[in-house]
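So that you can tell them apart, the chains are marked A, B, C and D in the order they are listed, and the count of residues begins at 1 in each.
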Amino acid sequence: MRGYKKPTVSIIGASGYSGAELTRIISRHPSVKLDKLYAFSQAGNSVSDLYPSLNLPAHYESYEGQTESDIYFLALPHGEALRLVPSLIEAGKMVVDLSGDFRLKNPEEHLKYYKQEKKAEACMTYAMPELFHEEVRNSTAVSNPGCYATSIILGLAPLCQTPLKENKVLDITCSAISGLSGAGRSSKTELSFAEMNDNVRAYKVGMHQHTPEILQALGTSASTPSFGFTFTPMIAPLTRGIYTVLNIFLDKHPAVSEIREHYEKFYRSAPFVRLRPAPPEILHVAHTNFCDIHIAEGQAKGSVTVITAIDNLIKGAAGQAVQNMNIMLGYDETLGLV
Amino acid sequence: MRGYKKPTVSIIGASGYSGAELTRIISRHPSVKLDKLYAFSQAGNSVSDLYPSLNLPAHYESYEGQTESDIYFLALPHGEALRLVPSLIEAGKMVVDLSGDFRLKNPEEHLKYYKQEKKAEACMTYAMPELFHEEVRNSTAVSNPGCYATSIILGLAPLCQTPLKENKVLDITCSAISGLSGAGRSSKTELSFAEMNDNVRAYKVGMHQHTPEILQALGTSASTPSFGFTFTPMIAPLTRGIYTVLNIFLDKHPAVSEIREHYEKFYRSAPFVRLRPAPPEILHVAHTNFCDIHIAEGQAKGSVTVITAIDNLIKGAAGQAVQNMNIMLGYDETLGLV
Amino acid sequence: MRGYKKPTVSIIGASGYSGAELTRIISRHPSVKLDKLYAFSQAGNSVSDLYPSLNLPAHYESYEGQTESDIYFLALPHGEALRLVPSLIEAGKMVVDLSGDFRLKNPEEHLKYYKQEKKAEACMTYAMPELFHEEVRNSTAVSNPGCYATSIILGLAPLCQTPLKENKVLDITCSAISGLSGAGRSSKTELSFAEMNDNVRAYKVGMHQHTPEILQALGTSASTPSFGFTFTPMIAPLTRGIYTVLNIFLDKHPAVSEIREHYEKFYRSAPFVRLRPAPPEILHVAHTNFCDIHIAEGQAKGSVTVITAIDNLIKGAAGQAVQNMNIMLGYDETLGLV
Amino acid sequence: MRGYKKPTVSIIGASGYSGAELTRIISRHPSVKLDKLYAFSQAGNSVSDLYPSLNLPAHYESYEGQTESDIYFLALPHGEALRLVPSLIEAGKMVVDLSGDFRLKNPEEHLKYYKQEKKAEACMTYAMPELFHEEVRNSTAVSNPGCYATSIILGLAPLCQTPLKENKVLDITCSAISGLSGAGRSSKTELSFAEMNDNVRAYKVGMHQHTPEILQALGTSASTPSFGFTFTPMIAPLTRGIYTVLNIFLDKHPAVSEIREHYEKFYRSAPFVRLRPAPPEILHVAHTNFCDIHIAEGQAKGSVTVITAIDNLIKGAAGQAVQNMNIMLGYDETLGLV
């Protein structure tokens, strides 16, 4: 890379958990250079005070429209990026937004699930590299998938996107368990250690904002879905990880061996998807960008069970964001991630 | 109760986690008297050494066919009770067996799921009080339900046993998360703290031995089921509790309000079942004999989501066992349990 | 107890963790009757919504000076009880205060550690039953010890209060690990699950408000201590329990056997202190009113190591408070606690 | 490094937790090349099956005296390395042993604490880089410090090795909390999740094998110590980390500012030791090679409190081992570790 000047990267919203993972990955990335870390309530504070494990001699700065870097990651609460992204794009910057602001094409779905109006054009390339590699490669501004959405879409895409022998998906039930870092750096009583240790709690049953995102990515929509989709998110006493059980009902009874082959083929060139002979475990993917998938024999007629595991902060957020940046920059997509 | 001599209770297999909970409950029960605690590898050891929180000045003894107590609880590894129960029944003892040995009526299912031959007649009253109160009251020897089975059957029975307006159940998917005490006092590497902290792991997918038990209790069978039943058990980093998400597909689309009413009616006289307006939590039922049930609006056509939570060692084992004993003795079924 | 009307008990500050444990214990106590549950931010809410495991059909009420019960427990943030207790005493009520408001006799120490002025007379009987049984029995208004203080004082009293063969204590170092319920129902980011899982953190090193309380109970004072006392409190990822390691340096080298005998003698009539041959464990005392104590051979000249374990919410708060009430009422002190 | 052939590294005992961390670090190290992974019970198994997060396409092999690599790490149960190291040294290999086999110079102490005879000469350079950098640099075979020992020695060395103004250390008390990975991949019942969740347990009080190692490194010995040393190791419910509280009694009363300066000076050229203004946290050092140290004002006359935190598998084992290798190879000691 002699003579080559590494692109510079700044992170807006660097003080949350996803922002801290982005900081860690970007600061060690061999082919980009970490530039500024922007934060809001933490502006002025030292990175090493908030995240001593990062060991970075830097301070969080206040973001006031700076555009001096080549690439911008935004890891902000939903709603903030809608405001900041347009001028970054206008300034010719490469943008990866980790919020939900630019994921949904349908403004009515956005309003319903995010309680916020937005225009139909406020939608960027939905950057799930395993499904939309070409689109990502041809983009300079992308919207990074949600954490649950990643674990669910990767488990379903081979059956929903390129149906197996015209075997149509009829119904899907999905139970997903998330670690508590998924809720962000939180000061809510119900997410305190004493309330979540030894506990499991379902929430937003049937109302989670990743539902329309999942259906859109799978080629249908929450408004007029082409199959039933039932999603129950839960939190359990672990810090990282999403563990997802998918029960898929198909038109015709599938042979599990055929389905496995189909998944193998589908993910042949996806370096971060691993098909596993036994059920995955969070420990197997924690602190990595892998999505592990296990396909189990269906127990009911026409059904198959697919189980996936990811690290919500890596493959479900910062890792996938860097994977997308790598693709947009024309790099090997695993750079800085293994 | 003046002049009344309390029935005496002995526990065979008192040194496991369910045995210890039985010991705790029976030792504080107002209307029975704890007699002997039998154990195998722990025979000769002091109860207070193994379970100091019980604070009982007793020793585990070796069981060699004693029949001096009025009531016997058996909390043994599967296979052991088959050998011991017949002579206890013959000696006229009241028996509550917590193992799977006497649950399945179909010897072929027993062989398939427990890898052990048994005769068809080796089956005792299946003692789930909320469903079979009368049968339990008229029995003197009963088989206590499994822990997953309890959490699942209670969530399904109102729809499967007494269908709502002839609304037939077509398919059920079930994801259930168990605390690690469910695996018993274990010395397996994969259940060590370092392997299970921050982890989630599915296991026995489609092969769990509670599957035939659940279907039998719901009036059908694993061999020729009248509806699809897909069960994915998981372990997560908590000690106690089972959290179960049930997605039920019905013939006709149900109104959630009607289903809630139906459940209210079904469990009207069940003191340990609580219908809850929000998703249950393990912390709400831990150390209690309650089963909390929440019914959520279905997200797909014809479906409804039911979520249940129990303490696997109490309602899923020792508490339900004592509830059954209370019923058999003609006591208030909540005695010693609230 | 025929013809006897049970005394009624109300709890002011019933919605915190100690208040909930008090509610649980009092509602099952055989010889008192739970009357009102008062709370501040939770006033108007249902007890069963906040603590479903209590299963109590009651609501939290607003406290506005009511005096209709016989006995009042106060489990309030520090500072609140100072305001409420005087009128309860004036109304002739029995009072057990669980806060730090009435523990310190020295107003300067109170100001220094609680950042609040109070008068010297605002001090009630310091109700550690194992040390001050007579005083408690003769009191009608008492101040319940702090959680760390309980675990530390019980480990030290036999050597500090009734020195062994004039073997003077020279120095004590104390490291204590608390579960997170010790911080109360909290909405602080640093006590969230994601921040405390897999973590250990010391805090208030050398500045914890239980230091003067401990020294006062041991017959000396923080202002002019008769021995060195070094206290490092820590929090670790567990909900309940305090685990305390005490290294005690004595004037003359002690024989560990003599010390054990001395402790045995000292706690001969203390039903909740258990001297254990091996190091205690939190699991051995969780959900009980026991304080387990182990005495290990000293590793340095003149030293001995004492390790104690309690449940911070029971022996460190609600259980000890009920033990004190039992004593004040002339009941067996274990009533409702085993 | 053009034209330079990277040294090859093999790991004997690669399937335990320290071995897995070594594998991870070495496989990503920029200036050495991972060669073979040897294991005993896991020989023949795939690395990716046992540690999927490593994502290495390799198998564990059986070690039968191979010497084809340039560098050997041994991460074996105590006793095994004694047998294997001599022939590796004879074959001219660079050796880093992570066991206790070669740490103690005094055969009697080795026999007492490791229950195994060894000769006085079976002792290699004690490789704590912050204290013995020169010796390590001049060695080709070193003994890597124990995990507790690392956290304790680094907290004490500045006061014990280069006394501050002739301020002699008189007594030290040490309480240290370890995560459960410290016990290795275990199948012991007492280390199962259900036994350690929500628990704390002291063990080997006054008998831990790191005691003589600590005293030897600090320039004295367990047989004739020049100061009192009292060590209480504990396990708590976390996977990684050691948290150590040291109370140090000195001859003269120290000014905490002077002590802080003294530590700053002592660790000026130690890239992995960080002096922190607030108490450290396990989360701050987890998955890093840092040792964080906080010095608190002494609470008793002549005392100071020092608190340290490390990741037991990194700075307490694999990371420090690689740091030592870096030094022996003449590399920057942080290579592959930040």
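The rule is short, and it goes like this: contacts are C-beta pairs under 8 Å (C-beta built on N, C-alpha and C of every residue); 3 or more make two chains touch, one makes a residue touch a chain.
Note that the structure is predicted; figures quoted are calculated from it, not measured.
Colleague: Strictly by the touch rule at the top, which chains does chain A share as contacts with chain D?
Modeller: Chains in contact with chain A as well as chain D: B, C.
Colleague: Pick out whichever of the two, C-D or A-C, is joined by more C-beta pairs in contact.
Modeller: Pair with more contacting C-beta pairs, A-C versus C-D: C-D.
Colleague: Determine the centre-to-centre distance between chain B and chain C, using the mean Cα coordinates as centres, and give it in whole Å.
Modeller: Each chain's C-alpha centroid was found; their separation is 37 Å.
Colleague: Could you put a whole-Å number on the gap between the CA centroids of chain A and chain C?
Modeller: One centre to the other, that is 47 Å.
Colleague: Please tell me the distance, in whole Å, between the geometric centres of chain C and chain D computed from their C-alpha atoms.
Modeller: 39
Colleague: For chain C, what residues touch not just one other chain but two or more?
Modeller: Those would be 179, 195, 197-198, 237-239, 280-281, 283, 286.
Colleague: If you look only at chain D, which of its residues touch chain C in the complex?
Modeller: Of all residues in chain D, those touching chain C are 171, 173, 175, 177, 179, 195, 197-203, 205-206, 211, 228-232, 234, 236-241, 243, 245, 247, 249, 279-283, 286, 294, 296-301, 303, 305, 307, 309.
Colleague: Mind pulling up the chain D residues that touch chain A in the complex?
Modeller: Counting only chain D, the residues touching chain A are 52-53, 55, 197-198, 274, 276, 280-281, 283-288, 290, 292, 338.
Colleague: For a test of understanding, state which residues of chain C touch chain A in their complex under the given definition.
Modeller: Per the stated touch rule, the residues are 17, 179-181, 183, 185-189, 191-198, 237-239.
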